[in-house]
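The two complexes that follow have chain A in common; it is paired with chain B in the first and with chain C in the second.
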Partner chain A sequence: MNQKHQITRAAEYQSLATLRDFIEATCKGYPGVDDQVLYDLKLAVDEACTNIITHGYAGMNPGSIILAIDLSPQQVTMTITDFGQAFEPSETPMPNVEAGLEDRDTGGFGLFFIYQTMDEVDYECTEDGNHLTLIKRL
Partner chain B sequence: MEINVRLEKQLAIVAITGSVDALTSGEVTNFLSQQIEEGKKRVIVDLSQVDFMSSAGLRAILTALKASRQQGGDLSLAGAQPGVEKILKMSGFTNILKAYVTVKEAIADLGA
Partner chain C sequence: MFRSLRVKQQLVKIVPDSPSISAEQLSRDAAIPITLRQINSLPENAKRRIYRPLLPASLLVQFGIDPITWKGPDGDQHIRLKALPEKNSISIAARMASDDPEDILFLELADNAMNGIDLNLLVINDPESPRFCTDQDEQGQPTLFGTARRNQGEEESAMQAGLAPAQTRASLHASRLVFEHLETFLAILGHRAYFLEPLTYASAWVFEQRGFAYVRGHKLMDDIHAEFQPGGRLHGALDGSTPFRQPEQWRTVRGRAWAIQDGILEAIGARWDGLRMVKQIGRHARVETFPQAQY
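Then we have the complex of A and B:
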């Protein structure tokens, strides 16, 4: 049977630890979720929410971030909803992880980590907000 | 998050405890740049008590790494736990700096 959980927090950096703690409290101990999977889930949500706070709500009054988690024996589905400006993840350039120190840019790893750790990433912008769906198979 | 520094064998060993994310990474950047400005340009960052690090933490490390090398020093990492170790590998950081399993090992290799 699926387990569904949801939390809403203000779109500010102080909320990041709360969102990670919520993932830990919700997913730790669930069959198939080991420490590495748990880290991947926390990392992907942290990076996505950091982008929303830094870019999505840039120049706007900080709104909210809703994180919904759906646990099933096959996969963990995490949906992040925000009401800021839309962004298209697939249009964002990926960093060059082979680059030497001199050629290294200090940014761009957030989205890269999301794609590296999740099995499916889907983004949808609707009248009800922006919905980023992150799926990790177990 | 907490940051402390101690000196051993002419190395500044910077120990971070807690999580390094977009909220706390600025503090890491400032702390490391202060050490380097004070002439402590050979730095080992002890990550053994870091339970979570995001790309914001990597950015802080990269900034400090560049600053230390510009001053003729270097910055190495030690003690990364499995989750943090994975992001260091994924991002290719382990190709541009030294990462030791323990601080003890780092000091033995780098200490004067």
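Then we have the complex of A and C:
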């Protein structure tokens, strides 16, 4: 039986801690979710929501971020929905992680971290919002 | 963060730009939404069949209106549907009597630039409740729900009678039913969401209860709640200087709404402006910017 949980918060940096706490409260102790998985889930959501706050809702009084978590014995599915401006993730260049520190860009690692920690990443922009789906297999 | 992610600058429309809809188009992918403009191009009776579910039948019957013919006990039409060809909006209104100057229920929808649907206005009045002329100022000029002008004497009476800003009468408490019908209607058309701009703090709070999230203004609602707490700037501005700024008003949704109508947001350098909400069809966003609120 899947467990479904949802939280909605304003898209502001203050909400990030609340979202991390929500992940901890809903996922910790679920079979297959160890400390490393929990860390990965929080890191991915933190990076994705930071991006929504910084870019998606830029220049306006921010709207909502909806985080839905679906726990099943096989995987954790997290869907982040926002209603700001949509992104084009497929066009995002990956950072050069091989470069020396002095040649490396200071940003651009969020998407890299998400792809490194999640097993599936999907992004869809529809009439009812922008949906980023993150799947972590257990 | 995704420092390099690009924000989409180009809005993408997914509905064909045809002015009307045909049986052939209807038989194509049912996930592609139909616009109001397309429906408005249909013959009158076809439009009437399609728009009829917008009005809850049980509500019409409650007022003696036949939900199919839209006629009242007097045999007159009590429903007014405005769905003009080539227009991208529709309004539908129900009245107790055909010559009644006021609607029991008024609903206006419009296609927006992204092929989505905007709920421009929804009014649900209890025709048997006392009426307050908050919609006109002392000179008889329309107040446009208190956004352009105010009639403070009538507003004060309305507030004391338990109404929220922008109301002329008590509500029928039927918004949940109307929204259920609206969602079913929009799902039939293939829409996944609809949008609105809340006129007042009280209406935003009601829409939260009905499952809406914010496209813009969630943080403003959070800020308003925080500043109405003891020690906050809005709490401090409830100084009794007007009938709408009494010290205890921070405790209720309506109390806050009247203070905001009175311009109290100046105390935090904000305005009640630019909020936009979204309802995902079939989903409840569970937004609660005023936890455990008393209305």
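Here, the second predicted complex is superposed on the first by the 138 of 138 C-alpha atoms of A that agree within 3 Å, B and C clash if a C-alpha of one lies under 4 Å from a C-alpha of the other, contacts with A are read in each partner's own complex, and residues count from 1 in each chain.
Please note the rule applied: a contact is a pair of C-beta atoms (placed from the backbone, for glycine too) under 8 Å apart; a residue touches a chain by one contact, two chains touch by 3 or more.
Everything quoted here is computed from the prediction, not taken from an experiment.
Annotation: superposed three-chain arrangement on chain A; chain B versus chain C shows no clash, the two fitting side by side.
In the superposed model, A:Gln85 lies in contact with chain C only, and not with chain B.
Of the two partner chains placed by superposition, only chain C is touched by A:Gln6; chain B is not. When both complexes are overlaid on chain A, the residue A:Asp35 reaches chain B alone and has no touch with chain C.
Of the two partner chains placed around the shared chain by superposition, chain B is the only one that A:Gln116 touches, whereas chain C remains out of contact. By the touch criterion defined above, A:Leu43 lies against chain B but remains apart from chain C after alignment on the C-alpha atoms of chain A. In the superposed model, A:Thr54 makes contact with both chain B and chain C.
Using the contact criterion defined above for the overlaid structures, shared-chain residue A:Arg20 touches chain B, although it does not reach chain C. An angle of 130 degrees, to the nearest 10, separates chain B from chain C at the C-alpha centre of chain A in the overlay.
For chain A, the partner that touches more of its residues is C, with chain B and chain C as the two candidates.
Note on the superposed arrangement: chain B and chain C approach each other to a least C-alpha distance of 6 Å.
Overlap of the chain B and chain C interfaces on chain A: residues 47, 50, 54, 107, 110. For chain B in complex with chain A, the touching residues are 19, 21-23, 52, 54-56, 58-59, 62-63, 65-66, 69, 82-83, 86-87, 90-92, 95-97.
Listing the residues of chain A that touch chain C in their complex gives 6-12, 47, 50-51, 54-56, 58, 60-64, 66, 81, 83-89, 91-93, 105, 107-108, 110-111, 125-129. Residues of chain C touching chain A in their complex: 1-8, 33, 114-116, 191-193, 213-222, 274-276, 278, 280-281, 283, 285-287. Those residues of chain A lying in contact with chain B across their complex are 13-14, 16-17, 20, 35-36, 39, 42-43, 46-47, 50, 53-54, 95, 97-101, 104, 106-107, 109-110, 112-113, 116.
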